[in-house]
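Look at the two complexes coming up: chain A is in both, with chain B in one and chain C in the other.
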Partner chain A sequence: MKLHPILAALRKHKAGTVLIALQIALTLAIVCNAIFIIGQRIQRVNRATGLDESNLFFVSQQWVGAPSADTPDGVEKLDAMQREDLAALRNLPGVASVAPINSLPLLNSSWTGSVSLKSGAEIGDKTGTRTAYYFTDEQVFPTLGLKLVAGRAFNAGDVQHQGFRENRDRPVAIITRALADKLYPKGGAVGKVMYSDGSSAPTTIVGVVTRMQIPSSGSFGSDFAWNSTLIPTRLDANFARYAVRTRPGQLDAVMHAVTPLLYKVNPLRVLDDDSVRPFSDIRARAYRADVGMAVLMGVICLILIAVTAAGIVGLTSFWVGQRHRQIGVRRALGARKIDILHYFQIENGLIAGVGAVIGVILALGLNAWLMTHYEMTRMPVLYVLVGVIAVLVLGQAAVFVPARRASNVSPVSATRAA
Partner chain B sequence: MLKMTHLSKVYRTEVVETYALRDFNIDVKEGEFVAVTGPSGSGKTTFLTIAGLLETFSGGEYHLDGIEVSNLNDNARSKIRNEKIGFIFQAFNLIPDLSVFDNIEVPLRYRGMKSAERKQRIMDSLERVGLASRAKHYPAELSGGQQQRVAIARALAGSPRLLLADEPTGNLDTQMARGVMELLEEIHRDGATIVMVTHDPELAARAQRNVHIIDGQVVDLAEEPRFHTHAGAGASQGQL
Partner chain C sequence: MFAYYLELALRSLKRSPGLTALMVLAIGFGVAASMTSWSVFRAVSGDPIPWKSAQLFVPQIDMWGPNGRNADGSPPNAMDYTDAVALMRDHRAKLQSAMYQISPSVVPADAGKHPLNVSGHAVYGEFFPMLDVPFEFGSGWSTSDDTNRAQVAVIGSKLNQKLFGGANSVGRSVNIEGRDYRVVGVLDHWNPQPRFYDVVNSGGFATDADDVFLPFQTAIQANISNDGNTNCNAVPKESGFVGLQHSACAWIAFMAELDDAAAVQAYRNYLDGYARDQQQAGRFAWAPNNRLLDVPAWLNNQHVVPSDTKVSLLVALGLLLVCLVNTVGLLLAKFLRRSSEIGVRRALGAPRAAIYTQFLTEAGIVGAAGGVLGLVLTGAGVASVGWVLPKDIAALARLDVSLLALTLLVAVVATMLAGLYPTYRASRVQPAWQLKSN
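Then we have the complex of A and B:
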């Protein structure tokens, strides 16, 4: 079957042909970009925090009638209460380790600041490299499962405590490799100093961890998502937060036991349903919008594909009905069933091909527009190529049933009245 | 050329079987011009569709150009239709989306003929029907008589062994009908075998031989009136 007669016939059915070609083009443009965005979201959702996320949960609780964290006496009392909790939790059966910590990756509750190689006096109004601080103790490594790549972990002697609003020197810190690479691009950050939040007191970098995401999972912090700084300090405030690692398989049992245990240690606190959360829940909540967006875009893609397929089926079915006698004439003149099937397949291939060409231009144009107006990266051409193949396959799949129906038109219909 | 022996065609439903053709016998020799006549519902068109391999038959034998066709599959039947038979339909059956040239080209394309040969044959057949100047026209731009001439050109282009014409002048006025009939006679004089179904006694009289069908059977015209005037004689039916 050659193209010329098919093209001649299509010229006589311009409206339907153009509409379907445009529908295919729009579907290709939207679906390519949507799948690219979905892919990016999935990649974002699945990126590793740097923590060993299994068997890990988080406790966040509020003291009731607690002493003020603004007075030295209050701070000492709050710290004693916190240490009581830590001791109780560490002795709980099934617990592997516990660390006090102000936040966790993806918790979206962060303490951010900046670090610099210059002291506050030298840097003036300029800001350094942005970072998120994790205030914790020497148990943070086994508790979060962080991996040290250089230097050492904290020891008990490093750990101090301070009131929540207190501004203290930070003699030592451990930073992530991403932050270390920014501060010391040539390497060798361990043993060197940095200055945090415009302080003139140096902080010695005692260790570097491979990776630890900052608490923020949204657009805020996206430019310093891996710049974390660990400070060996317990924060004393009217709240306390603990990260708890359980032994394998003990997560549910330990989580269940934590609330009554803490109330037993000190009943003057509030622990609600949200106070004890597995890390899997923190991750799920942090990326709920991304997952929702990916699902929504996926559904829109499916609807678009279904509508396009239905359009092809509908138009081809209409044409088959309209050309029933003509098909019978072709059969009478010697067309085999396969010739009729091929006729409609080639016809669809031509329409889908034109639609795909327009769709490629629209897809790249839409991507360029999204890059200009939103935080979107350039879509790899592979997406468009796969999209083109997909719409061509979709077209062939959609046209198959009506085309086969056409191929089954009996040649005798050529002799019957129209 | 065309020989049917004890051929039958039965249409079956759950409760009734209808014989469109019953013990049907006909033998058309090469180069003959046979007119098949009969009242409405007598089985003329059924005969033509079976003769043209447009549908199958229920029993008996049918030899076309020496080939027993009863056991041929769909592809083989398509090939024979394409190579050995030329159809001329009452409603012309030109494809409205295609030009005159493209319409005539349709069966030649299905034969896999090369472009140059196709073009030569198309122009030759258009010359023969006097429409060479209309090759680029579309069917809607032609009169009924011209459309039927294009249909004849399409049938001739493939050099078929047998021309089957189903009421070829049925949709034409007298003058156009005369022109088409003269063309068929000319084609016959050139050696073509033609079987023409018609209910027009005047046209039938111009054929070399008349075959009359009543109730799905060929009847001897010596025993029957030459042409039945009663309509809807109907095919025979039997209860299952």
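Then we have the complex of A and C:
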């Protein structure tokens, strides 16, 4: 089949041709970028926190009329209250282990600072590495399910306690592999020292864990998302937070028992609907916006593709109707059904091809524009290539029905008036 | 004549129901997607205090120097205690208030009820008149209450409902963090979004309204510590909340009312003079580097509108554009199919203007039908944003008369614009050629 008659016919339908090509180009540009956004969000949501997230829940509560955490006496009283809670929780049937901890990955409530190999460096100093701190005790490993790659876990002798706003030396710490690699790129961080938050007292790294995300899931923490530091210290304040691991299948039962239990230990405290949350809930809330954006982009893509396909069907049907007689003449002159079918398929392929070329330029342009104005990264060429193939297939699928109808035009119609 | 065109249009649309349905569906979905994302964008980018936002300013003071500045050279977005209190003492604006976020516990008088946790702010008395805060009962407190560190409180309508059953509680006492405060005012459902007076701690939007306000110095004295962000360039030298007050950590928001350009300039000069004094006193080792932004500029500077919202709006508008291109194509097909009819009309003496009116009427009807479908879909879209967007933002998207009117208007106007080119082509049909070819 020669292209010449097709091109000649298209020249007669400039407007329709341009419109279909334009529609395909815009669809390609938007769908590529939308799917890229969806891919990015899915990747973000699927990041592992480094925790064993099942059978884990979090308790966040506040005491009323508690002693001040700013006096040594008050700190001791608060610590006694916290230890009382911990003991009660650990004795609860169905509980596997409990650790006091100031935050959890994805909780978006964080204590961040910086660690450095230099003593007494300022926090803003460029030699430091940003990190988020988890203040906890020796039960943190079984409770969160962290995996140690080197060194040792905390033992009961490591654990200190301090007032929430007190500055206390931090003799030992466990850090994530990501942070260890930053501080000691050649490895062997265990046993070495670092200085945290500009302190001049050394902190010995006693262990390294494979992975533990920082509490912040947003753009604020994206530069140091895996740089966590664990400090074996119970923080004493007018509030306390606990991570609780239950035995398999007992999560709901234990969660229901926690509120009455803590009120029994000490009724003067605030425990509301948000105080006891399973980790799955923390995860869902942290990524709600990302999941939402992915769903939204998905819906828009579907509508776009449907509209474009429908547009192609509509316009091609019109052309088939318009050329009814010409098709009849061609058939009368010996063209087979398959020739007519091919004619429309090739015609659509040509238009979609031109549209796809323009669409590639638009897609890359849109991506570049989004990169300069919003937090967006460069789209891999693969997305565009897949997009091109997709619109070509879409065009062929959409044109098939009207093209089939065209191929069924009987040669007799050549002799009839239109 | 219009009624005749209407009838013609309806007849023509009925003749090809498939094509008509296709156009109506495309416009309906395109408009609904755009309007749904517009409703979210409108909600988050709105001016929370339109009558006054240009007179409310947020000052920034550079207390950290070159190492602590943001990438654009601007100083931290909150103040330390020293500067906030100094600005309050100097009192150079018409009205002003330093403020910090608190989250104290409140013990209900009813012994059977558990204590509850409420969020709020510690502010100066001028906060209420400055922000035109509406009161259901009572009012804010006086300047002398500020200086005397009076045990007074303003509570929100929700807390008033919980503690006092919604009755006028002015003069009653409320137990906050173990101390009794006298209620002087009850707010009348005040929850501006974005929370412009403390963007840094709310991130712009907050699901729950602030339910308790205490005098700033009273809260400091009662050791009610801050609940929001604390940013430090160095670890405080002293421990405790007092240590935080003596440190250069940033944790206090500030807002000042400046009514005209002269007042703004005077306040700028004052801030620079203040920073120079600090430089001379040896506290700052750098030249003054202050900022003074009004509320709209501040909201923009703090990126209150989530970029996701903007990208969604953009993509939805792209979808509408594709739907319109689609409509141009389909209308073109539809109109040109009737070339012979147009030829007859023209040959019988109809001017081009008549052809324009006839076909634009038809486009308008398609647009109106698409608009009605768009209304339904927009309604469904706005109702379901709660499924996909964070709660604090989804709650703001509302369906109101102006949104519905806009939906219909956009659908009709856009479709008629899309109909312009096909109509132009229809009006160019040569009557003689059409008559001959049949």
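By definition in this document, the second predicted complex is superposed on the first by the 408 of 418 C-alpha atoms of A that agree within 3 Å, B and C clash if a C-alpha of one lies under 4 Å from a C-alpha of the other, contacts with A are read in each partner's own complex, and residues count from 1 in each chain.
Operating definition for what follows: a residue touches a chain if its C-beta (ideal position, glycine included) is under 8 Å from a C-beta of that chain, and two chains touch if they have at least 3 such contacts.
Only a predicted model underlies this, so the values are computations on that prediction, with no experimental measurement involved.
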Ask   = Superposed on chain A, are chain B and chain C clashing or fitting side by side?
value = fit
Message = According to the stated criteria, A:Gln23 is in contact with first (chain B), second (chain C), both, or neither; which is it?
response = second
Request  = Pick one for A:Ala201: touches chain B only (first), chain C only (second), both, or neither.
outcome  = neither
Inquiry  = In the overlaid three-chain picture, which partner chain does A:Val270 touch, first (chain B) or second (chain C), both, or neither?
reply    = second
Inquiry  = To make sure I follow: the centres are taken over C-alpha atoms, the vertex is chain A, the ends are chain B and chain C. What is that angle to the nearest 10 degrees?
reply    = 90
Task = In the three-chain superposition, say which chain, chain B or chain C, touches more residues of chain A.
result = C
Task = Would you check which partner chain A:Ile300 touches, where first means chain B only, second means chain C only, and both and neither mean what they say?
result = second
Task = Go through the superposed model and pick first if A:Thr308 touches only chain B, second if only chain C, both, or neither.
result = second
Task = Go through the superposed model and pick first if A:Val393 touches only chain B, second if only chain C, both, or neither.
result = neither
Key: Touching partner for A:Ala8 - first (chain B), second (chain C), both, neither   = first
Minimum C-alpha separation between chain B and chain C after superposing on chain A, in Å = 9
Inquiry  = By the touch definition above, which chain A residues appear in both interfaces, chain B in one complex and chain C in the other?
reply    = 417-418
Inquiry  = Using the touch definition from the top, list the residues of chain B that touch chain A in their complex.
reply    = 45, 48-49, 52-55, 74-75, 78-79, 81-83, 87, 89, 91, 93, 95-99, 102, 105-107, 109-111, 154, 158, 166
Message = For a test of understanding, state which residues of chain C touch chain A in their complex under the given definition.
response = 19, 22, 25-26, 29-30, 33, 37, 64, 67-68, 105, 107, 114-117, 177-178, 223, 225, 232-236, 239-244, 306-308, 310-312, 315-316, 318-319, 321-323, 325-326, 328-330, 332-334, 336-337, 387-391, 421, 425, 438
Request  = Within their complex, state which residues of chain A touch chain B.
outcome  = 1-2, 4-5, 8-9, 11-13, 325-326, 329-339, 410-412, 414-415, 417-418
Note = Contacts from chain A onto chain C in the complex sit at residues 15-16, 19-20, 22-23, 26-27, 29-30, 33-34, 37, 62-65, 68-70, 122-125, 163, 165-167, 197-199, 263, 267-272, 288-289, 291-293, 295-297, 299-300, 303-304, 307-308, 310-311, 314-315, 317-319, 321-322, 370, 374-375, 417-418
